[in-house]
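Quick notes on the structure that follows.
Chain nomenclature is as follows: A, B and C, assigned in order of appearance, with residue numbering initiated at 1 for each chain independently.
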Amino acid sequence: MLLAESVETHAPPRKRRAQTRRWFHRRTLVLGLAILGVLVFIAAAAPLLTPYNPTVQELSNALKPPSLAHLLGTDPYGRDVWARLLYAGRIDISVAVLAVLTPFLIGTGLGLLMGYYGGWIDLVVGGLIDLVMAFPFYVLIIALVFVLGAGLQGVFVAVALIGWVSYARIIRGEVLSARDREYVLAARASGFGDARIVLRHVLPNVVTQAVVFAMSDIVVVMVGIVTLGYLGLGVPAPTPDWGSMIFDGQTYITSDWLIATVPGLAVVVTGLALSLIGDGLADVLRT
Amino acid sequence: MDRVSYIGIRAIQVVPILLGISVLVFMLIHLIPGDPARTLLGPRAPEAAVQALDQKWGLDQPLLVQFGRFLGGILHGDLGDSLTYQESATALMAERIEPTLWLLVASALLTVLITVPVATLAAARPDRLADHAVRLVPLLGLGMPTFWVAIMLILLLALTTHVFPVGGFGRDFVGHLRSIFLPALTIAIAISPITIRSLRASMLEVLGSDYVVSARAKGLTERRVLVAHVLRNAMIPTVTVLGLNIGWLVGNTLIVEKVFALPGIGALMIDSILSRDFPVVQAIALVFAILVVLVSTTTDLARSLLDPRVRLR
Amino acid sequence: MSEPLLEVRHLTVRLRSSRGVLTAVREVDLTVGEGEAVGVVGESGSGKTTLLRAILGLLPAHAEIVEGEIIFRGRDLRRMRRGELRKLRGAELAMVFQDSLTALDPIMRVGDQIAEAPRTHLGQSKSQARATALRLMAEVGIPDPPRRMRAYPHELSGGMRQRVVIATALSCGPKLLLCDEPTTALDVTIQDQILRLMRRLTEEIGAGMLYVTHDLPVIAQLCARVAVMYAGQLVEVGPVVDVFSRPRHPYTRGLLASVPAVQIAGLPLTSIPGSPPDLADLPDGCPFQPRCGFAQPDCLLGTFPLVDLSETRASACTHHELLDGLSDLTAGAR
């Protein structure tokens, strides 16, 4: 990073001020972070924001319209919709973030190897990538969750098995273009080992694209988890999940449309926040 | 290289991918923890039934032999027998392929019908209100679960207008059309954010290019500039983007068919998963993957017809 | 001189950029007579291309003419309706672009691209326009036109493509040809062929030419008069022979001294120190003053418009007499 750092310090002060200003002017990034912050806070503080237990059924209290006692009413099993919405947010957001972590690491690692060494590893892994890409995402993830067993463990493994592909492709491309840049050549000329060059010099320069992609990947995975939940293959009942909430509510769509609508809106807003962050991040990192 | 040999080579390149797909689909059963037959049939199934299934699928034989049998079956159109129905997976799919094909074609058409005008509008006046609105669409669209969009369309369109049924496939042509509209619209809504974004970008690139300025410098009418130069050039990336997203489109049919109770093979796959009918799941996964490969290869070829610069790398 | 073919008066063009509004072309006055070839010379970013595109009415969306008149054959192009101007473009006013690879539509056969304008303006049928394209391609020296007209731009060499661009511009027999450095992307031998070609063809059809470039020898070869542009303004105008032998602006002198082919014995080959100014942040006074070896204290104050020195020459430098004693570039040769 020596070279990059020296460039940074030599940049005229006016330019650096402009960069700081640009950071703050990235309204998308700030807005996205603000929305996500509020969502995470609400989800984390769920026990403080509702007195109800999201899993306790009270059938005599089923399908109640919104009231002061039940802000969003109750579901067909008499559970408080607002409480389930908050607790489902906890599950869905954290599962999505955690599920993306493993493919991020695997894909980044394989992408580094493919891009830096090329040769047979590039060929073999590249072929595997083409194969996974040939399958429609939902076909593959549903089939995998099926054979691995429904539930969170199956979801984690399935997402990892599919998700690494995109990261490997992105990182590989970035490494290919970075491999012959001056700072890598300089590191090579200094006689550093491959491991040191890849980890200290190549990785920091290529990982940003993968981070940007991870933001939209979290959205896709979250929607996937919610979809699996809707199909009864994801987060196991009675743990609240936005997908199963929508499933529970769809039968009553004509009379109690809130039950199916609100969890979907929650997914959309969370997705919007993450997309805004990803977009803003891409803008900031591009400069 | 001329176009004919390009097409030939592109066709040959498909073979290893198809082979790889069958390996992957074949391996699915070995991802099932424990004894697959026992897991699938459930703990209360009699031991004899489990052993019969083991025997039938040849699970006691070496992997390579199993794969040979599997591949041989595929080549003969034999994708195994359903555990639930007294039918082969192929026959089950054949009965239910029609609504899926309808849905795929209709949603691709609707996607184009939504994408082209919206992207053109945004690209024609960059950084104006319409453009900003359009740029927000992908950010919103990415996070919209398809099944939820489907339910919302039922709530907002089917239940209010009564023009579109909430489910089923209808009996005659008009019935099919009415039944397919909302499912296709759902998929188009799910795909459009991606296609709009990339078409807008490529339109902007084309509009800012020198050859559009030079077309205007020739004094061509604005209509001719748009049709002969801008749209023709912007079509190429659009076709590519559609081809790249065909997997996304196919994947969404599973969910949409399920929500709208369309009797297609997507819904069949979900139902088979719920009834633990492994051979049918396997067969449909295979068919969908092959479909995606064939469609994206076709769009590649279409691109080579549209773009004289395409050369085999 | 009778009524000029093109008369640009006080033309000012502003651009909106990420760094604020800047003036790309400032109060430019320029005339081109019937059949006359006028060169505009300047470094990249001096506003030459913007000037051409302003004349054609094809400025990019972020640019705008704020002042001035563009009189072409007695009519102000700025006051014309869009449709009228469009009918002039390609017919009487044609442009030759700099980069032939980007100026040609990559997915249209070059023959069709040449035929587009005759079909639009001359009302030719498909087959007539095809014949026109064939004739033009032969005229600009493309071998085997029947085969080449079916080629796509990427299938032709740079020189061939530039000939296609020229054929396109000439297709309707224009009165004025606007040329935006059409030879910079080519190598030297081909450059020479193209220049000869353009000279011959414009003379044949009697077209006037406004030729924009950073390349002084090209101007010397092609043009009768030259205008020197710096930071969006004209700093010197005059007949090529006079200006190149006795520059009346330090910038012109600097340009001449930096070109080996024009450089005269006895004067060392030097480049102008510094770089062209930031149009969004022009220096006070004369825009060339920070780089000028002759700068005086009063160069920092006021504005420096073009002032007539004689019937044919004008300079924006108030101290041009300083150049007199030492700037007779031909002196050494004499």
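As a convention for this text, a contact is a pair of C-beta atoms (placed from the backbone, for glycine too) under 8 Å apart; a residue touches a chain by one contact, two chains touch by 3 or more.
As the structure is a prediction and not an experimental result, all values here were calculated from the model.
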item	value
Most heavily contacting chain pair (counted by C-beta pairs in contact)	A-B
Most widely separated chain from chain B, with each centre as the mean of CA atoms	C
Distance between chain centroids, defined by C-alpha means - chain A, chain B (Å)	23
Separation of mean Cα positions, chain C and chain A [Å, integer]	54
Footprint of chain B on chain A - complex, ascending	127, 130-140, 142-144, 146-149, 216, 219-220, 222-223, 226-227, 230-233, 243, 246, 250, 253-254, 257, 260-261, 263-264, 267-272, 274-276, 279
Parts of chain B lying in touch with chain C, wherever the complex brings them together	126, 208-211, 213-222, 224, 228-229, 232-233, 236, 306-309
In the complex, chain B residues that touch chain A	16-17, 20-21, 24, 28-29, 31-33, 138-140, 142-149, 151-152, 154-155, 159, 247-252, 254-255, 258, 269-270, 273-274, 278, 281-282, 284-285, 288-289, 292-293
Residues of chain C touching chain B in the complex	53, 56, 58, 60-61, 86-91, 94-95, 97, 99, 102-108, 116-117, 120-121, 152, 154-155, 165, 168
